[in-house]
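Both of the next two complexes hold chain A, though its partner changes from chain B to chain C.
Now for the complex of A and B:
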């Protein structure tokens, strides 16, 4: 006689729940807010006040909204590109490195044209950034297709190489000659900077690129042959091979796409809000974009919304630091909590909880 | 207390299990006496596996009672079933290729014991029951029949009262089947009950005492085997007498559509099967069959023929006389080829994609479903609906995911998708595996019709009866070697069995 457990058990759903696919991010967000409140309480900050500073205050001014768009731009760009790769089962988690190399290449071109003018300079910078990011991702693609090296490891490790490389460059060849030996490049000249969309804000042309990439990603995924190949390869690689889709081609395509877009995002950062090369040009946008892609359900449109949400955690972290004296690490904690809860909630897409009826009829005495 | 010492070891009553859209078991009953070999008989899809999974605790019934030794039981997990004395040999083995026999068995034990003791017991059991097996051999060096012995011995180690065997002979040659039966009869004579699941009537006649017959999830009858003939069993299993395939004469025009000349493919995987010096010719208008036990190079051969694996020497595969060894799958499709792999979900179709998307999957080149680089969904939907109509695929609409279709319906869809592209060369692997009788007949008829229209059709199948029924010529794969081909009408199941075991018929006749 086994005592019937009162705890619910996980039972696999016969078919994945469509509703849970979309409810899971919302549920995860709610749980993140609850856990965040507990966190704030332990730091003896009134949770409501902290939540206000974190999530409402940054959005209460026009300037705040444009700042949100500035922070969301690289997240959305990379989020869309990563979503395409993840759909294909290509786990490029080194977008941070591709972003850095893109920024470095774009920045190098900007510095090459220092104090020159011309409409052609900006396109060249952007192009250099895209190519730089692609080359960095191409290393990963080569290692994967030639030696079957796991792209999760190689792309992640190359991120650290990239971050050391940009450090080396701004400490050395690209250092500002008149910069009192600070590890910074010169400030880019006017022709090398992305035009500002609204005077008095930092909102720049890059935000438009992000929207274009969302639209292009959507079209590609829903209607193009490449998008179809990505989806087929990701859900059933053998079926995709049988249909004549080459897995190596898809690995190259998604990695180059991811690297190129991440490189573009890096260039947009240095030629937009930053305006020069620094040892650190990204507060982890490339890593946060992984969360963006997942919260956005690996869909370009979802990545747009998720990009805005994650951008808010950056802004909120800053506000909370200024207003409440909370450590800036709160941003990272919130992002981590969100991903953690999301992965947990995603279990409910395939499983449901079931309470066993207590007392079994078969074993009645 | 409830009554003890029942006449039966296992009694099921009113078992019911529903899956979304399917009532897999409806009011099914079954009773087995100690020492009895009891057949669970039914077509594919009749609900046999569902019933057995409930006995073994993998699935929970929606309603119904299970009595073991006369005591009502709830079997919540396989571990509990094993504790009661129920052991099961699955159709698909769960063995680690790189481990030895004794290591594999040790891994699956509920109670650990030392390796030497275990090896000694394995040797003892294998000698006692005529199951030759060296406990220290690595699994990858063993044949399928030997691997099955590991699973059987793994069960016997638990000293079960009831042994459940799920279609154990589907992976064996006719000669290996005979050996297995000797073992099972021995076990039964020692008092062990055996629940034997099959749809092969001759086997059941040879082995079993009683049979419970299922059809479409319901119990049709419970019979004494000795009082029935294969014909009466078949009638109960299939319901109304199914018409058999009317086959016309082969219209072999002699025009060779597919030729394979000296094809060698080295397996990429060290445990895979390499194809050695394959020769094959298929002409317009004929259906050629390749028999063989699974894992003898069937998957590798299909992949080499349909372009999933490319071959360095282009001229070893000729499509309509043109070298095609280096062409990819889509180039071969454009040259007139279509292929249906064995595995439906995940190879023939993408499980979570809609039928429309799955129609696009292999048809987009030949049916021109791309416009300006974008998917032309209007035309794709039209094509998909045509397939659904032509092959009477039972589905609510074309937008449901492929995985929601039953096995038979999905197979009709996949075969229909390929046939509606009007291929001149058609490769099909296991066309009716796990498909109900009605769908199987539709599929077999469609394959014959395609050949009658002038296509060259290759059928790779483990189902000998099917090959005998629909092919014009027949050969077999064994260990990556393809035998010579013989006219089907001159062949018997025994002769094909020899081919499957790698014996060449000339040798046999000479001896």
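Now for the complex of A and C:
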């Protein structure tokens, strides 16, 4: 008997397993809890206490729930928009840059109306943010459709340009004149801030936008011709072209959508929880949203759940640090475990494990 | 059965925490980097440990907290979980600290390096530039190529003060020497910091100094056989040959005195800016590679700063264009220093705007 015949092999299922679609997240959760328990035991922290800190305590108060929504809002927004692009095979990796430019444009409008009142100010800020993000993504779309430049590279590189650009602006023209030369803008006026939904929390109108975008994304994908074209282009691009769908049109559409929504997310951050322009307005939401899109299986509703889950692991990580004194590295490893198992278990939807007998492998050879 | 046990265990432990909170003083700390950065956040964490040891109070910290929307949530979480005093140890926490402080009037807040105060918010910082004057003196005497590399984080007043104080002291002993600055736009990024050190050495620098938090530049200096200065903590372990000395941030005295003030009810909102005299800034032992006369000169500089006979920003000071901006006998005021945004003569390149 050859030793490798003892190892199981992955065999592609003839049809995706319906059961595993629902079972794989449960399997992933079980594996995470097991591996996490081992991790926490090695840190001499009782696993149950750690799991409680991670998953239950952040949700155990109304304030905690509102904070979860605040943290999840940008992730869900961008996750939905990226999922649409990824479905079409358009790899926009640079949502972070589009978020930053959106925030910068929205923030610049907010500062332009400094200490002014008016119902029109906030809509203008949001509009500027959306347009800013769209323009930043339009560069990528133009380079792709005109010169066939790989959008993975261009969108990623433009993210670095964006982060340097916002640095330049808050060190220069948008710097707070009374701020002792520190690289921060003025605090936005009341009329430039998103309204708070519940007094005493940070839950703002942006969370409602996120839900609307989830619904719109779902409708578009399942009910509209554009949605059908996106799916067709992603799964069989030759057939889609043959059917007369313009691939350039889909590239432009998905990138502008992604850029616009990411720009909106950036504006929501600066006009919501931050309230001013800073050199860094996002701890990498544009990149994390790629994980959100994939954990959510490139489905808008999935992105909503995945965004909430990722937000929960961040909040849980902080709770674990505060209550249990766990270092940030351990909470990071735990988040990594969870994501790894979630994505790895999805393999079982399309594949199954088989232990091949030595006889059959011999025959095949 | 097992589930029930677990629930009682969890409830029991949280009750314990709740009752303990009302009895004893608790202090919370928020760090911008990981405590393992061996620089800025590491030294604040040393201060936290000193508080625990000296006063026996319970402390909590959260590390690697980004300066955007997350900071407010973390500070608020610390405030609502029974901490009596909270130290927020990076400039970017200023507005979040002020916001949370409004909501928790009974909790005391201490914000490092900022300028906004409130009834329950103090600010504190250290005059690191005093240390820069000492290492600038050593650099001026030790450089052979007359080019010294300086790795900057962000062009904010605190960093500019360091560059200027260093350059003034260096040129006081060696008017031919110049400073080249590379900005890495980060407080802690070992990869970028190391690359910056390599680039500066390639441009002829034979001494590297830094205003970033990781020991990476020292490690590069050690490998390439040039000298360097440590930052925030004694980094000799990372570069036994290269490190000439290091400017050490020592927060322990301040932290102990502030927590003590909360315990005996004497805490008041203040603004502290201390240097050598307040023991907030210290020098690590000077390496044997430094000749005795240079060591003497450097220590004399420190002593002169301490007894007030010398100020790192005393005139005559010329700007980059060679114009006299501070006349002999005059000293730049704290007000100008706190917003400093121009280079002195001897710094090469233009400041990023």
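Rule of thumb we're sticking to: the second predicted complex is superposed on the first by the 303 of 365 C-alpha atoms of A that agree within 3 Å, B and C clash if a C-alpha of one lies under 4 Å from a C-alpha of the other, contacts with A are read in each partner's own complex, and residues count from 1 in each chain.
As a convention for this text, a residue touches a chain if its C-beta (ideal position, glycine included) is under 8 Å from a C-beta of that chain, and two chains touch if they have at least 3 such contacts.
Just so you know, these numbers come straight off a predicted model, no measurement behind them.
Visitor: Quick one: on chain A, after the overlay, do chain B and chain C clash, or do they fit? Just give me the call.
Guide: fit
Visitor: Answer with first, second, both or neither: which of chain B and chain C does A:283 touch in the superposed model?
Guide: second
Visitor: With the two complexes superposed on chain A, say which partner A:147 touches: chain B (first), chain C (second), both, or neither.
Guide: Touch partners of A:147: none, neither chain B nor chain C.
Visitor: After lining up the shared chain so the two structures overlap, which partner does A:327 touch, if you call chain B first and chain C second: first, second, both or neither?
Guide: Touch partner of A:327: chain C, not chain B.
Visitor: Examine A:240 and indicate which partner it touches, taking first as chain B and second as chain C; both and neither are also allowed.
Guide: The answer is first: A:240 touches chain B but not chain C.
Visitor: So after the superposition, what angle do chain B and chain C open up at chain A's Cα centre, nearest 10 degrees?
Guide: Computed from the C-alpha centres, it is 140 degrees.
Visitor: Which partner, chain B or chain C, is in contact with more residues of chain A?
Guide: Touched residues of chain A are more numerous for C.
Visitor: Where does A:183 make contact in the superposed view: on chain B (first), on chain C (second), on both, or on neither?
Guide: A:183 contacts chain C only, not chain B.
Visitor: In the overlay, answer first, second, both or neither for which of chain B and chain C A:202 touches.
Guide: A:202 contacts chain C only, not chain B.
Visitor: Once both structures are overlaid on their shared chain, how near does any Cα of chain B get to a Cα of chain C? Whole angstrom is fine.
Guide: Minimum C-alpha separation, chain B to chain C: 39 Å.
Visitor: Would you tell me the residues on chain A in contact with chain B in one complex that are also in contact with chain C in the other?
Guide: Comparing the two interfaces on chain A, one with chain B and one with chain C, no residues are shared.
Visitor: Given the complex with chain C, which residues does chain A contribute to the contact?
Guide: 46, 48-49, 52, 67, 70-71, 164, 167-168, 171-172, 180-184, 187, 202, 269, 272-276, 278-283, 314-315, 318-319, 321-323, 325, 327-329
Visitor: Enumerate the contact residues on chain C facing chain A in the complex.
Guide: It comes out as residues 6, 9-10, 13, 17, 28, 34-36, 60-64, 66-70, 72-74, 77-78, 81, 91-92, 95, 115, 154-157, 185, 338-341, 352-353.
Visitor: Using the touch definition from the top, list the residues of chain B that touch chain A in their complex.
Guide: 1, 19-20, 65-66, 72-74, 76, 306-308, 328-331, 333, 339, 341, 343, 345-353, 357, 360-362, 364-365, 370, 373-375, 377, 401, 403-404
Visitor: For a test of understanding, state which residues of chain A touch chain B in their complex under the given definition.
Guide: Contact set of chain A toward chain B: 2, 14-16, 219, 223-225, 228, 231-232, 235-236, 238-244, 246, 360, 362-363, 365.
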